[in-house]
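Here come two complexes built around chain A, the first alongside chain B, the second alongside chain C.
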Partner chain A sequence: MTASGVERAVTYAVLALFSVLCPGADRGDRADRDAPARGAADRGRAAPLGQPGTFRSAWDAGGFGRLMASSVLVSASVVALTTALCIPAGYAFGTMRFPGATPIFYVMLAGMVVPFESLIVPLYYTFRDAGLTDTYWALILPQTGLSISFGTFWMRAFFRSVPVELADAARVDGASSWRVLWRVLVPIGRPAILTMVVLVFMWTWNEFLLALVMISDQSHRTAPLGLSTFQSRYGVDVPSVSAAAVLVAAPVVVVYLLTQRQFLRGMLAGSIRG
Partner chain B sequence: MFALFVIAPIADGAWISLFRWDGVTSGTWVGLGNYRAAIHDAAVRTAFQHSLVLILFYAVLPVAVGLALTGLLVHSRVRGVAAVRTVIFLPQVLAAVVVGVAWRWLYDPEGPINQALAAVGLGSLRHSWLGDLSTALPAVGVIGSWITTGLCLVLFMAGAQRIPPARYEAARVDGAGPVREFFAVTLPGLRNELAVALSLTVIAALRAFDIIYVTTKGGPGDATTVPSLLIYTRAFVTGQVGSAAAIGAIMGLLILALVVIITRLVEDRP
Partner chain C sequence: MSSSPVAITFEGVVKRFGPVTAVDGLTLDIAGGEFMVLVGPSGCGKTTALRLLAGLEAVSAGRITIGGREVQGLPPRRRDVAMVFQDYALYPQMTVYRNLAFGLESRKVPRAEVRAQVEQAARRLELDGLLDRKPRELSGGQRQRVALGRALVRHPQAFLMDEPLSNLDAKLRVDMRAEIAALQRETGVTTLFVTHDQVEAMTMGDRIAVMRAGVLEQVDTPDRVYAEPANVFVAGFIGSPAMAFCELTARRQGDRFCLGNGALQLEVGVEEVPETVRPWSAEAGMAGPFEGVVDSVEVLGRETFLGVRAGEGVRLTARLEGSARHELGERLRFGVERGTAHLFDTQSGAALAHSV
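Let's turn to the complex of A and B:
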C-alpha cells in the first residue's frame, strides 16, 4: 500500500469508528447504569451496532436541526467574508509597497494573539447598544474580524511565495493588478485558500464563548452552545448527550479528515513562518 | 472590518476598565482603580495561579512529552506515520465543548475511569474527579494535555524531518550518544517549532474557557476558576463590568508579553 493509500484507509477507518463506536460506547454505559435497576438480564440487550434511534431522539430533543442550520449559516458567512476580504488584503501586503504597510501589518498580527476573552466585554456592550445581540451579525462580524488577521497573514505569505515573474508576465500582457490577482494568482493559490477556508470554518464552528455571550434567544443558538445547554438539561442521559456531542463534532471531523493533508501541511507551514 | 471589531473593542475595553460599571446604569469613573483592585483581589490571584497550573498541563508537559517522543522516533522510519498523525491531531480539531462533554463523562463517578479502577482492584481510588477540591484542577489539566500533546508531537516530528541528515552524521562521527545527539542536534533544530508550540499551548492554557465552562464552571468552590471564567461571570452574571474589562486587558497583555518572551528566548539561543 502506498503512503496515501494507508492514509486514506485510516481516514475511512476513523470515520467508520466514529459512526459505530460512539453510539456503541453509549450503549455499553447505559447498560451499566441501568443494570442495577433492571437486573442483569437486560445487560446485553443492545444491538451489536450503534443505535441510530439515540441520534434521532437527541436530534429532536435538542433541536439540532435548527442549531446546525444556525452554525452552517454563521460559518459559511464568516468563511465567505474572510475569504473575500483577505485575498485582496494579502495581495496588497504581499506584493505592493504602500505607506505604513509594516506597522499596519504588525497591528494585524497582534490580532492573532489577542483572545476573545479580552474583547468579549466591550464587544457585548457595543453590540447591545447597536441592538445586534441575539442576531447572527453578533456572531459573524466579530468572528470575521478575528479571522481576518490570520487570513491576511496567511494569504500574504502565499502571495510572497509566488514568483514575481509570473505576475510580471501577465502585466506585460496588459493585465491590471486586479486582473492579475483573480486570473493568475488565485487559481494557483487554490490550496492555500482552501487551507484558510478550512481553518476559519473550524474555528467558527467550534467557537463557544462568543455565542454564549451574544445569544440568549433559542432560535439563534449555534451547535456548540446548543450542546452545552443540552448537556445541562439532559446530563444524566449519557447516550443522548454523547450522541449530541458526536453530531456537533461530525462536520468538523469530516472536513478535517477529507482535507487533512493540505490542512496539516498548511497549518505547519503557517505556524512555522509565524 | 478588522479595525471595527478588534481594534475598537480593545480601545473600548480599556475605556470600560476605567469605570465601575454594572452594565445598566451609567458608570463611575475610578481611573485605574479596577486594575488596582484586580491586583489585590484574592479571587483574581487565585485564578491566575490556576492558570499557572494549567500552563504546566497544557504547555510544559505536552512539550516535554512531544520532545521526548520525537527524540526517540527521529531515526526510526515508522510505517504509517501519516495515519498516526491524523489520529493524534484529532483532539485539536474537535470543538472544546465536545471535548468537555466527553471528558465529563469519563470523569463521572460512574464513568469509565472509575469503572476501570474498580476493575483492576483499585476501587478505593474511585471518586468524583471533577467534584473533588483536590483533583478538579489536575483533572481539567489532563484534558488540556490530551488536547495539546498531539499538536506538539505533530509539530516536532515535522520539524525533525527538516533537520539535514548530515548533522546527525556529523554528531555520530564526533561520538555522540543518543542523549547528546538529542541535545546537540534535534533540540536546536526544533527551535522554531518549540516557540510555536509553547506560544500556542500557553495561550490555550490561559484561555481555557470552553473546557472549564462545560466541565466544572469553575467549581467546586473556586478550585478551577481561571481568569477567562472570571471575566465571564463578572461581566455577565454579577455585573462587575469594569472589573471584568480590567481582567480582560490584563489577560490580553499577559498573553502578548508571554508570546514575545517565548519568541525572544527561543530565538536568542545560538
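Let's turn to the complex of A and C:
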C-alpha cells in the first residue's frame, strides 16, 4: 500500500510540529526543575540535547562503557543460546511427528502468555539460593528461557511454511535429519532466523526489571540500568537521561538498520504467495 | 552404479492416515529395469504409494522390497532410490552444481568423483552451461532437467517420479516425456512413475497400474489395459476422449440376448449390461440405424469430436476425420462399428466381454 500525497504531507506536518515542541518542552522541564537552585536568570539555558558534549558527559557520568559491555555480553549470550536451541526445537515441532508433540508445544507457548512480572520474585529467590544473583547467569538464563517460547513458536511457523518436498528431497538424497536442517532449511530460513535474532536482541537489550532485581553489584549492571543514574530525589536530569537513552537505544537501531531488509522479509514471510 | 536392475514389490501394503485408508492392500510386482506407471485420479493413493516406497511415509501394514531386501523399516537414505518431485524441490540457495552434488556429498563420495559424476550428468541433460546458476534463474524446463539430473547423478537402484511433468507447458511436456523414457531405457533403472495423465501413462510405461481410492484396479501393458479394461472405472479412465457408457436392458431371444436402449440395440451371447463404446466406433459416414442430437463440437484440426446425445442417459462421442462441419442441435444418424463395444456388469462394474 502506498501512502497518498496528502497522507504523507499530514505525516510530515505532525512530525515537524513535534520536533519543534520537544526541545522546547525539554528546556522548560529542565528550567523548572533547576529553578530553585540556579535562580530565575538561568531559566531556559539548559544544555540542549543536540550538543555532543551532552552525550559525552552522559556516557562518562553513567559509566556506559562498562554497562554497554555487560549488555553486549548478556544480549549476545541470550541470542546465541536462543538461536541454538530454537532452531532445532522449531524444526522438530514443525516437521516431525512424535508422541506428545502438541502438549509439549503448548507448554512452550505458556512461556509467552504468563506475565514475566509474576515470576520475578520466585525467580529471584531461586537464583539467590543457587548463588547466581549478581552474576551474568542471573540475566542470561531467565531471558533465554523467556525467549525460547517465542523463538520456538517463530521457528516452528517458519519450518511449517517451507514446502515439505524440500526436506523430503534431501532425505531421499541421503541426508540425515541434522544435515537436512543445517544444509537445506537453515540457509533458506535466514530472514526468519534474523528476525528472531533482532527481536530477541532488542528485548534482551532493553530488559530493565530483571536486571534491577537480580543485579546490585555495579560491575554486572546493564545499560538500561544506567539510565537510573540520572534520576535523583529531586527529579530527572532530562537532557542527560535523554542522551543516555539515545546511547542505549543506538545498538538496537544499528542492528535493525543492518538487518532491515532481511527483517522485513522475515516479518512478511508467508503473507504473500511467493 | 547399481550393477543390475532390481525388482520392487509391494505385498499387501496398507497406509492409513487416521480414519482414512490411503492405500488399501496394494500388491504390485515391478520387474528389474521396468518402467511402471502408476496412474489414477487425484487422491487415489498413487503418490502415497510412491512415498511409502521412498520411505517418506511409514507403512501401516504389508511389505515393500527393493532388490529382494525388505525396506519398510529403513529411512529414505538407506533405500538407495532417487525421487523427482512434482514441484522439482530444488534447493533454492544452491547452484545447479551443488544441487546435483548434494546427494553424492551426503553419501560421502570423494570430491573428485562428485565432480566427474555431476559433469557427466550435466552433459547428458545439457545442463553444462548452467552449473553456476541458482534454480530461480532457470526456466521450468531447465529446472525439470536439474531435478532429473539430481536423480540420475546418484545411479540409484530405482527412480521414483511423482508427476514430474505436470508443471510444464504442453509442448515441453511432450519433449520431456520422450526424454525421460529415453533416459530410463539408457540407464535401465527400475522406475515407478506416478501420474494422473492417462496419455503419459499410455505412452511411457512398459506396464501401467491403475489405482482408484487406494485400490489397484488393473496392472497390464498399456495396449491391453486399453483394449481389455478390467472394469468400468479403468474403461472410463483410460482412453481419450473417455469411453462412452450407456446402460442397456437385456432381453432373451433364444440362446442369445438383445441389449438395448432406445435406438441402440445390440445382440450378444451374454446377458449383462451396460455396454460401453469407444468414441471412434461411430461410423464416419454418419449413416446408421441410430439417431442422436449433437450437443458438443470439438474441432481439433486433424479430427473432430462430436458429442451426441442418443437416448436417455446415452451420450456418445464420435470421432470424425478432419474438420467436420456440424452444428449444435443438429440431428445425426450413426452406426456402431462391430467389435468395438465392451460389456460390463452393472452391479460390480467388472468386465464381461470385450470387442463385442
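Here is the rule we go by: the second predicted complex is superposed on the first by the 198 of 274 C-alpha atoms of A that agree within 3 Å, B and C clash if a C-alpha of one lies under 4 Å from a C-alpha of the other, contacts with A are read in each partner's own complex, and residues count from 1 in each chain.
Please note the rule applied: a contact is a pair of C-beta atoms (placed from the backbone, for glycine too) under 8 Å apart; a residue touches a chain by one contact, two chains touch by 3 or more.
These figures come from a predicted structure and were not determined experimentally.
In the superposed model, A:S149 lies in contact with chain B only, and not with chain C.
Using the contact criterion defined above for the overlaid structures, shared-chain residue A:A130 touches neither chain B nor chain C, since it reaches no partner. Legend: residue contacts after superposition of the two complexes on their common chain; A:S118 is shown touching chain B, with no touch to chain C.
Ranked by how many residues of chain A each touches, chain B and chain C are led by B. Judged by the touch definition given at the top, the superposed model places A:M96 against neither chain B nor chain C.
With both structures placed on the common chain, the touch criterion links A:I188 to chain C but leaves chain B unconnected.
Once the two complexes are overlaid on the shared chain, A:A175 sits against chain C while remaining clear of chain B. Taken in their complex, chain C has these residues touching chain A: 51, 54-56, 75-77, 81-83, 85-87, 89-93, 102-103, 106-107, 150, 154, 160.
If you check the complex, the residues on chain A that touch chain B are 3, 6-7, 9-11, 14, 29, 32-33, 81, 85, 107-108, 110-111, 113-126, 141-142, 144-146, 148-149, 152, 202, 205-206, 208-209, 212-213, 223-225, 227-228, 231, 238, 241-242, 244-245, 248-249, 252-253, 256-257, 260-261, 264, 268, 271-272, 274.
Chain B contributes residues 1-2, 4-10, 12-13, 15-16, 23, 79-80, 82-83, 85-87, 89-90, 93-98, 101-102, 104-105, 108, 110-112, 115, 154-155, 158-159, 192-193, 196, 200, 203, 206-207, 209-210, 213-214, 227-228, 231-232, 235-236, 241, 244-245, 248-249, 251-252, 255-256, 259 to its touches with chain A in the complex.
Those residues of chain A that touch chain C in the shared complex are 163, 165-166, 168-176, 179, 183-184, 187-188.
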